[in-house]
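Got a structure here, written out as structure tokens. Questions coming.
Labels for the chains are A, B and C, by order of writing; each one numbers its residues from 1.
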Amino acid sequence: MDSSVHLDNVVMQFGDFTAIQKSDLKIESGEFFSFLGPSGCGKTTILNMISGFLDPTEGCVKIGGQDMAGVPANKRPTSMIFQNLALFPLMTVAENIEFGLEVRGVSKSERKKASDRLLALVALEGSGHKKVSELSGGQKQRIAIARALAVEPQVLLLDEPLSALDLKLRQHMRTELKEIQRKTGITFIYITHDQGEALTMSDRVAVMSAGRIQQVADPITLYRDPQTAFVASFVGENNAIQGKVERIDSGIAEIHCGELGVLKGRVQSSVAIGEEATLFIRPEHFRLQPEEGMLSVAVEIEEVNFEGAYLTLSTSTTATSKQTLTIQLGAHQYNDDLAKGKALSLSYNVSDAIVIGGDSNA
Amino acid sequence: MSSESIMRFGVRFYIGIFFLYLFTPLIIMGLATFNDSRFPTVSPWRGATLKWFDALAQDGAMWQALWTSIIVAAGVLVVAVPIGICCALFLSTVQGKGKTFIYSLMMSPLLTPGVIVGISTLIFWKGLSVNGGIFLTVIAQTTFISAYVMLMVLARLQRFDRTLENAALSLGATQWQAFRRILLPYLKPAIISAAAIAFLQSFENYNTTLFVKGYDTTLTVYIASKVRTGLTPAVNALGLVMITITILLAVVYEWKRRKEAANETES
Amino acid sequence: MLNQLKARFGSGLAIGIVGMIAIWLIALVVLPQLLMVDYSFRPNLLPADIGGPKDTYSLVNYETLFSNHIHLKIFFKTIWSSVLVTALTLIVSYPIAFYLAKVATPQKAALCLLLLIIPFWINEILRTFSWYIILAYKGPLNAALLGLGLIDRPIRFLSGDGGVLIGMVYAYILFMIFPIYNAIESLDTNQIKAARNLGAGWIRTHWRVIIPHAKPGIATGCIMTFMLAAGSYAVPALLGSPGSRWFTQIIYNWFFEGGNWNQGAAYAFLLLVICIGFIALVMRVFKVGLGDIAR
């Protein structure tokens, strides 16, 4: 069955405010797809357009190739898991799960079968008679999933459903969600502001900012090859150094970064000679010992933070501009020499640095 | 004695006097029922009797008035509760210009003296050749009791999480099913409370009823006329019976309400 | 507005909701009031003359009030007495509301609230009637005062306005206590502690911290009490004497004894104007909006 979702040149406006800039995106059948972005970026609006709670101002939403214009939320082959879960407090667990079937007029015995099957799927057999208020946070979460799956949707929409859980449970639920998606084989569309969630669970991720889809890619590509300055700084940690492009040669740009001199990196997008550009280097790509073919920067340690598996150094360049750079090292690299005021020579591989045109704040 | 303890004593004293003020009338009324005197009083005390309960039971006009009150109150309940619910749903859903104006209109019957509600209803329906009676009493009382219902239902509605409705829609429910299965059960406690209050308000109403009652007499109007004309302790007996019933109802109502509230904080 | 309702409840229910509200507001609230005003500007005519040449708008019904000194006196007395009732009720209620909201332990407050509610479940007529018994010339209050030697002769409580005032304060006290209680309860107790800690005395704490916070509640209580007092028929009818009539009684007489509805409508409209004027005044003085009232 085709359960792809196509956002066909959609635009969403609320009065004068454009919540979603013109976007065209196809989510494949059976994919685990995430929208990642800070709050207010428009990701919930996209979810509401797919679910039918909002109609796009322009363009259309197609599910399984069918145009959804004029199809209300309750007639769409989608089902949603809400941020606060929205379990019905006056119904039992079983009544919650069976609700979608009940309103479709499914017989009582059929409903019972379905809720038993789903309770087994989410490992909560025999909890059907319980009140919602008797469940723990994680159990509520699973009931919400079971309830949404009961109507056999082609697309499951998840609106930051894990945000209310504590850290341990959240990490556990990630694996469980992924597992359920694999078992059921339906399309999952997940929105979150938590990049850890998006990167661990998703087949592909769309990063959003200010109503615009910045980049759509699988998690590894997103991390290694961010296409815009926003993605580079939003996904994972990154050091940004501004400069002016001096030369471009077989995909490598040389940019002049003031007193830091000339630094090099892979050209990523919209870089032109003579224009402003930003060089991004991730904290873990800096080395303390230079190797063959690496570039170096002289810095001084400002602060050392030990964080368990790794440690981060806040450093600033010795030049008067005091550019701050963050470095991440494995815990095994710790030694007493690494203390405030120590001078270091940082090196990096040119292929690990990327150059993106424009101002990093844009 | 420190100033702090003087103050504490003062507060206790005041609270004591206040509750004495609150309950003395009810106690006196009760006692007067059992006084073997031709007039309702406790001083002088002429010995205890139960004859006024007999006198009350024999009073055919009283039973007729009670029946009228029940019919009116039931009528008000049937009309005012749905109107109040509709108003609350309207106010919790609609945003935008004109809402404040409509809200003011909805509140206006509560800020209008009861006699004026009665008078305006009487005049309006006279133009349609409808005279005072049970029907007009129901209409006039509905005018302001609907607003009470509205406020009570609205108070609960404002705490309703609307994502529950979206959840129901997302699971395929129609808007009617979402209303019927999700919102209405949630509102049920408030609706029951509002219905109880509406019934009581109707039952006790005097100021409005007086103008629209026509030749029908509700129990409250009957009691008032008894107080003003043929005053005997039978009125007290009636009062005592009503007080006992209302106190029982009040205690049950409060008890249920608190249990409800306790359940809610639990979940 | 209909679209917002349709989006939430579907067409059928939305139309039902709007229809119910429209019938109530138009046929029960707005039109009767407008018709009453219309009535008040027309002369009292025989049925045959209605719609005829004599049926013209005039201020004659209003002129009656200003030329009838007894009615005018009762009109102003009603307003003044209602203000007095409101003030008395406020003074009696404020300490109780404060005690319940901030001093009493939660269990005690819950019990007191229940005790407070019980008398008000009881019919206003019955509550007033019991005051009639207490205040009677040969009633228990006089008996008690005589017994204690505080007075030599029984007092005629029921011959002036005194009985009416006592009865009204009693009848409407809950409408004052509850709004103020709700308002004070929502005040963060730490604010009171902070004010005390900064050296403010009790009076200053109330005047500068608690009363300003309780303003919407006080305004609501005053509006309700005034409106109920000015519009009361039962209390003056039961506790008043022929010499202490209330304006509502005059209105009633125009309708059911004088048989002049137009005249009665004019008086009723004046009463309504006074109530609206009082509401506007209170909202202005306390700087609160309609949305703050009757929470």
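FYI, contacts are C-beta pairs under 8 Å (C-beta built on N, C-alpha and C of every residue); 3 or more make two chains touch, one makes a residue touch a chain.
Treat the numbers as computed from the prediction; the structure is a model and nothing was measured.
Q: Thinking of each chain as a vertex joined to the chains it touches, would you call that graph a line, ring, star, complete, or other?
A: line
Q: So which chain is the furthest away from chain A, centre to centre on CA atoms?
A: Farthest chain from chain A, going by C-alpha centroids: C.
Q: Could you name the chain whose Cα mean is nearest to the mean of all protein Cα atoms here?
A: B
Q: How many angstrom between the C-alpha centroids of chain B and chain A?
A: Roughly 56 Å separates the two chain centres.
Q: So how far apart, in whole Å, are chain B and chain C when each is placed at the average of its C-alpha atoms?
A: Taking the mean C-alpha position of each chain, the two centres sit 16 Å apart.
Q: Calculate how many whole Å lie between the centre of chain A and the centre of chain C, each centre taken as the average of the chain's C-alpha atoms.
A: 60
Q: Tell me, which residues of chain A touch at least two other chains?
A: none
Q: Give the residues of chain B that touch two or more other chains, as numbers and ranges in rising order.
A: Each of 174-175 in chain B touches at least two other chains.
Q: For chain A, which residues count as touching chain B in their complex?
A: 51, 53, 72-75, 78-80, 82-84, 86-90, 99-100, 103-104, 131-133, 147-148, 150-151, 157
Q: So in the complex, the part of chain B that touches chain A is made up of which residues?
A: Within the complex, chain B contacts chain A at residues 161, 163-164, 166-175, 177, 181-182, 185-186, 266-267.
Q: Would you pull the chain B residues touching chain C in the complex into a rising list?
A: Result: residues 7, 11, 14-15, 18-19, 21-26, 28-29, 32, 40-44, 82-83, 86-87, 89-90, 93-96, 98-100, 102-116, 119-124, 126-127, 139, 142-143, 146, 151, 165, 174-176, 179, 200, 203-204, 206-207, 210-211, 220, 223-224, 227-228, 235, 239, 242-243, 246-247, 249-251, 254, 258 of chain B touch chain C.
Q: Enumerate the contact residues on chain C facing chain B in the complex.
A: Per the touch definition, chain C meets chain B at residues 1, 4-5, 8-10, 12-13, 16-18, 20-21, 23-25, 28-33, 35-36, 39, 92, 95-96, 99, 103, 110, 112, 114-119, 121-127, 129-134, 136, 138-140, 143, 170, 202, 223, 227-228, 230-234, 237-238, 248, 251-252, 255, 261, 264-265, 268, 271-272, 275-276, 279, 290-291, 293-294.
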